[in-house]
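Pasting a structure below so you can have a look.
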Amino acid sequence: MVSLKEKLLSDFEGLKIDDREADRLFIDTQKEAVLSLLSYLKKAGYNHLAMVSCTDWIDEGKFELVYIVNAYLSGDQVFGKKEKKCIVIRTKISRQSARFMTVMEIFENAEPYEREMHEMFGIDFEGHPRLTPLMLERDYKIPPFRKDFDTLNYVNNTFGKIPSIEQRKEGLK
Amino acid sequence: MSLEILLAIAYGGAFLTYFSGKISQGLRDGAAVLLSLGTVLIVSSFYNVPAASVLYEGFLGLSLVLRMNSLAWFFAIAIVSFNALCVIYSLAYMKDRNEKDYYYFMLLLINAAMLTIVLSGDLVTFFIAWEIMSWATFLLISYNRNGALQAGIKYIVLSLIGSMCMLIGILSVYTSFNTLNISELSGQLTTASAGYKLFLLIIFSITFGIKNAVMPLHTWLPDAYTESPTPFSAVLSGMLTRMGVYGFLVILFGIVGIKSVLTLGSGFISYTKTMAWLGAITIVIPTFIAMLQNDAKKLLAWHGIGQGGYMILGIAFGTSLGMAGGIFHTLNHAIYIVLLFLSVGAVEYSTSGIRDLNSLGGLFKKMPIAFLGGFLGISGLIGVPLTNGFVSKWLIYKTLILENAPFLAFAALLGTWGTILSVYKFLHNLYLGQIPEKHKNIKKTPLAMQVPIVILSFAIILFGIMPGLPLKVINSINVAFGFSPLDVNLWGVVSEAGTLNMLNIFTALIVFGAIVWGIFRISRPATLTDQYDNYAAGAAIPKDKYHYTVEYYAPFYRMVKPFLKDIFDLLYQKVARANDFLCDNIRKIYTGYVGNYVMYIVFFMAFLIFIQLKWSVF
Amino acid sequence: MNIVALIVSPLIALITGLFFLGLSRKISARIHWRYGPPVYQPFIDVMRAFSQKSITHGNFFDFGIILSLTGTIVLVLFLPIGGLWALNTGGLIMFLYLMLLGPFGIALSGAAAANPNSSIGISRNFLLALAYEVPLLLILLAVMTDYNTISLVEIVEKQAATGMAISSWRLVIPGIAYFLILPAILGLRPFEITGAVQEIASGPIAEFGGKHMAFYTLQHALQTFVGIALFVDIFLGGGTLFGLLNSLAGTVWVDILEIFIFLLKMVLVLFIGLFVNAVYPRFRIEQAMQYLWKWPTLIAFVGLVIVAIIN
Amino acid sequence: MDRNQISKWLKNPGKMAHKYSFHVVYFCTGCGIIEIPPSITTRWDAERFGIIPVATPRQANLFLITGYVSTKTLKAIIRTYEQMPEPKYTVAFGSCPINGGMYYDSYNTITSLDKYIPVDGYIAGCMPRPEAVFIGVTHLWKLIDMDKADGYKRYREDYVHYRANQEQLYGQMDWPPLFPVEKKEQANL
């Protein structure tokens, strides 16, 4: 029985696979290979996209997008029981004008995650039908989850600027 | 002032308005209003002045007689006053409609026809006027052309069946007694056999049952009321449908006489019992159907049927209390159903034609008078104490309980609770709740509409607090029919098993109302807020979406929906279709070739010869 | 119609009604194994509500609540409270129609407040009223046909002579049926559908502020009083207790003691009703209608059939 | 407890009635909401003091703000506060409403609630236990006695400033001002 790792290595090139952990397989890849890798894994039985998240490596000037897929119906999986429970795919995109393709054709439920990435990090997903704001009510010049967004001075500039009632009354007199 | 002049004015007036319409609109409106008010004055001058006059001698050797007694006066004054109010109302309502001359002509013609029915002393004038009324109503129901034509045809088919039954009844009476004068007939009929009396009653009951929309024969009413122009549906629901009740009174007590009616029927099944049970069913089922209607006028139409059941129930028991209840309820029902139709018409006029209960709301801020009419109308329909509806329902319930018919009383009371639910839905969806933005600046109700609404609202309260006024007249009717009179004072009925005195209820409500209102004024004043300053769990109110009217009683609707198909309507439709199918097939005989016709004759002759040879019949 | 009763009976009804509300909160608390508010807590609530400055949505909003409270007060005048009755005109039928004024008034002002929570609450209230009216009408008709009168005072006097109605075998079935629908009439827990606090923000009274809330509490207290008093009057024979008081008939003591006995009976009925209230979850409106139209209606119908056959 | 001192009742029934019948409106603003259910059920039973939760602000006179206030929730808090009838009191839980507390530097948490609606009292504790809530209520009684719990009076008098603060935070509010606001004296620093 060929293990998933060898199969991946044979089918794709330029993958760095780390399977030291018991039930998780980490794959680092270029951004072009992500879509084909995801559809390959979906066909292989990992049909549930559990999470899409992003970390901001500001000193490298890169966003790292992380896709976690796992297998709900592990029974009919091609590679048998002993395979890994979930697979984490990591890829790095440049930070300046952050753009990436949407994975909604493969995984329909990626829609809110990508909207959140767009709102919080400012990543633009081409092909996403509704990139409207998900949670935030106000608009921020720099998306708030970016490292260069200085929350303390933002708080001082907005809430700090609003005077207390007594100050307003003295200001009035 | 004799009866002929009264009828002459009524009929002549109709034609006068039609031709004056050709000259100028204003003249026609003025003529219509003046004439209807004139007839009101003339009729009111006949108050307990019994008159009788022979209209025309030589009609097939029968005399057309007119007579005015208390019963005739009671119905006549109601007919003419409602007609006057509706004519004034339609001045404003029909302002931007076309063919107004035709409308006013028909309206006044119906008024004249109803007057003749009520004044007719013999069955022939009764029948002639009945036909005029039916035809004129058919023409006015189908005034709005497309949808209304269907309703009109349904109405005219059913009322023609009724008229034919009446004609059969009249002919059978003529052949056996060769007089058609009602007063003479009542004397002679006591000698007739019970079977013949039962036959007469059933025939006439079909006619008047159709007109008064008793349960199995009610299918024409909802469409007729909904499709006809609103002022006319007010007249239609007010007194026209109650000609059926007048008919029942004339037949049951005028001609056949009460003593024999009560004895008709064997053992458990008797004529009056079946009539009572039909009345009870007519109260309950239409009221619950009314609860789930979405069109304001259709809801009121179904209530028209429901309330008709009370009148039949009251009359069917043949005690003086029941009679008083039934007749008084005819007047009360006419008052508040006309008021409700006028109030719906006002809404229709202001929102330019919207009557759908799901899309209206909050109009009470913009149309206070129409709302007042609607509110008092529905409290009359429910029978809230201090309104006229309550007194007549109280009389009917008392008869039912004292006559030991608890299940009928249960059906009637259940009908009342059905009325409360459906009528509150009417008021809530039409007037209360959030006013949508597009209705913020609707047209004000014109004065010509407000006057009838205010008069009728005042009438509801007046007859509610002082029921003695109409009850005195009804007492004289009871005496005329041979019942013992009720001892009636201005405020209510004094009788051994529980009196009704509206005075102390009125004073109690006023006194305690003043106290409560005083406390309300003394405590801290409340600040007026807009409809958008409302509790919405902390959110701002969305403009047109914060309003609950669609499917107002949804849980009940889900429970009752399977039982709600109008089986009688479907039955009649099937009969109509079967009739069409039959006629189509028969038509196929006429192929148009002469050869076929010769063939038919030869076959027929052969058939006759065969019969003659076999049985030598001729 | 004696003048004394005109003043005394609304006062008695108001005070005892408020005490009943306090008592029901205390009993439910005790069943939940906690202390619960003092019994006179509703008086404090009413005083607090009167001292608050509320909002109004127009004159019709105020008219509704005033009509409701006035209607319920006049309703109380009809109830013979232990031999003390103010009005008897129109009898039980007038009583039935006046019973409608309370919820009708609140429905009017609730809808005038233009809040969908109150509209939903009102539609539920009327559906619940339709649900429990069916058995209630059957019961009242059974009693009326049995005593062959429509006046409440006569029913109470006849019971004084022939003993409590519930003890006479003919009327015990309607008595049981009435008892089954008592929580629905009082709006206690299994049937607290109208003012469901969690679902529709306390239903029709969602927009009732300071004095409107106070008026509603008074009206609710009177309605509770009327619901129980009707049961006591019709089935437990009003103020008499097995002829206990015949000995000192005619003295002023009789009236006072009769009123006292009447209130005692009402407390007894309230107790039993409340035990049901504290432990039941809230019905959905469909479940309530199905229940009320199944068992209580069946029992009441059987009762009416029996009574009808005998007469 | 001075509940049954008849003299106090006779002197000022309105104030006493307010003290012993708090109809509370609270909704899940922050993490403190989990402290409310135990306080009204069997073990701690707030109903002893006449405290009952009510559904709508219209019937309430005490407003509990349980925990940190996010920018979105503040709109609902202002709206609910404005819909409560006049003698109304506000009590906030924990330090987050005072100065933002643990979330002092979060981009969507209000640092001091007092700038937007008047608060009559704060109960310390990173979510106070029910006993602490009841002690807070007894302090509120004392404040009412001394006429110090005048948050609603301050809101009515300085409504111009409160409204200005709210509009400065939100730009344009969704509902008209509660009390008439004269444009000329609206001073924004």
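We call the chains A, B, C and D, going by the order they appear; numbering starts again at 1 in every chain.
We adopt the following convention: a residue touches a chain if its C-beta (ideal position, glycine included) is under 8 Å from a C-beta of that chain, and two chains touch if they have at least 3 such contacts.
Treat the numbers as computed from the prediction; the structure is a model and nothing was measured.
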Give the chain pair, either B-C or B-D, that is connected by more C-beta contacts. B-C
Min distance from chain CA centroid to global CA centroid: chain C
Can you give the whole-Å distance between the Cα centres of subunit B and subunit D? 60
Using mean C-alpha positions as chain centres, tell me how far subunit C is from subunit D in Å, no decimals. 37
What is the distance in Å between the mean C-alpha positions of subunit A and subunit B? 73
By the touch definition above, subunit C meets two or more other chains at residues 50-55, 117, 201, 206-207, 209-210
Show the residues in subunit D shared as contacts by 2 or more other chains, in ascending order. 56, 58, 83, 86
Would you pick out the residues of subunit B that each touch at least 2 other chains? 524, 533, 535, 537
In contact, pair by pair, are chains A-D, B-C, B-D, C-D
What does subunit D use to touch subunit A in their complex? 71-72, 100, 104-108, 110-112, 114-115, 118, 154, 158, 161-162, 164-165, 168-169, 185, 187, 189
Subunit B partner contacts - residues on subunit C that touch it in the complex: 1, 6, 10, 50-58, 60, 62, 66-67, 69-71, 73-74, 77, 86-91, 93-94, 96-98, 100-101, 104, 107-108, 111-117, 119-120, 122-124, 126-127, 129-130, 133-134, 137-138, 141-142, 144-145, 148-151, 154, 201, 206-207, 209-212, 214-215, 284-286, 289-290, 304, 307-308, 311
If you look only at subunit D, which of its residues touch subunit B in the complex? 27, 56-58, 75-77, 79-80, 83, 86, 174-176
Subunit B residues touching subunit C - in the complex, by the definition given at the top: 362, 364-365, 375, 382-385, 390, 394, 397-398, 401-402, 404, 406-407, 409-410, 413-414, 417-418, 420-421, 424-425, 427-428, 432-435, 492, 497-502, 504-505, 508-509, 512-513, 516-517, 520, 523-529, 531, 533-535, 537, 546-549, 552-553, 555-556, 558-559
Residue ranges of subunit D touching subunit C (in the complex, touch as defined): 3, 13-14, 16-18, 20-21, 23, 41-43, 45, 47-48, 50, 53-56, 58-59, 61, 83, 85-87
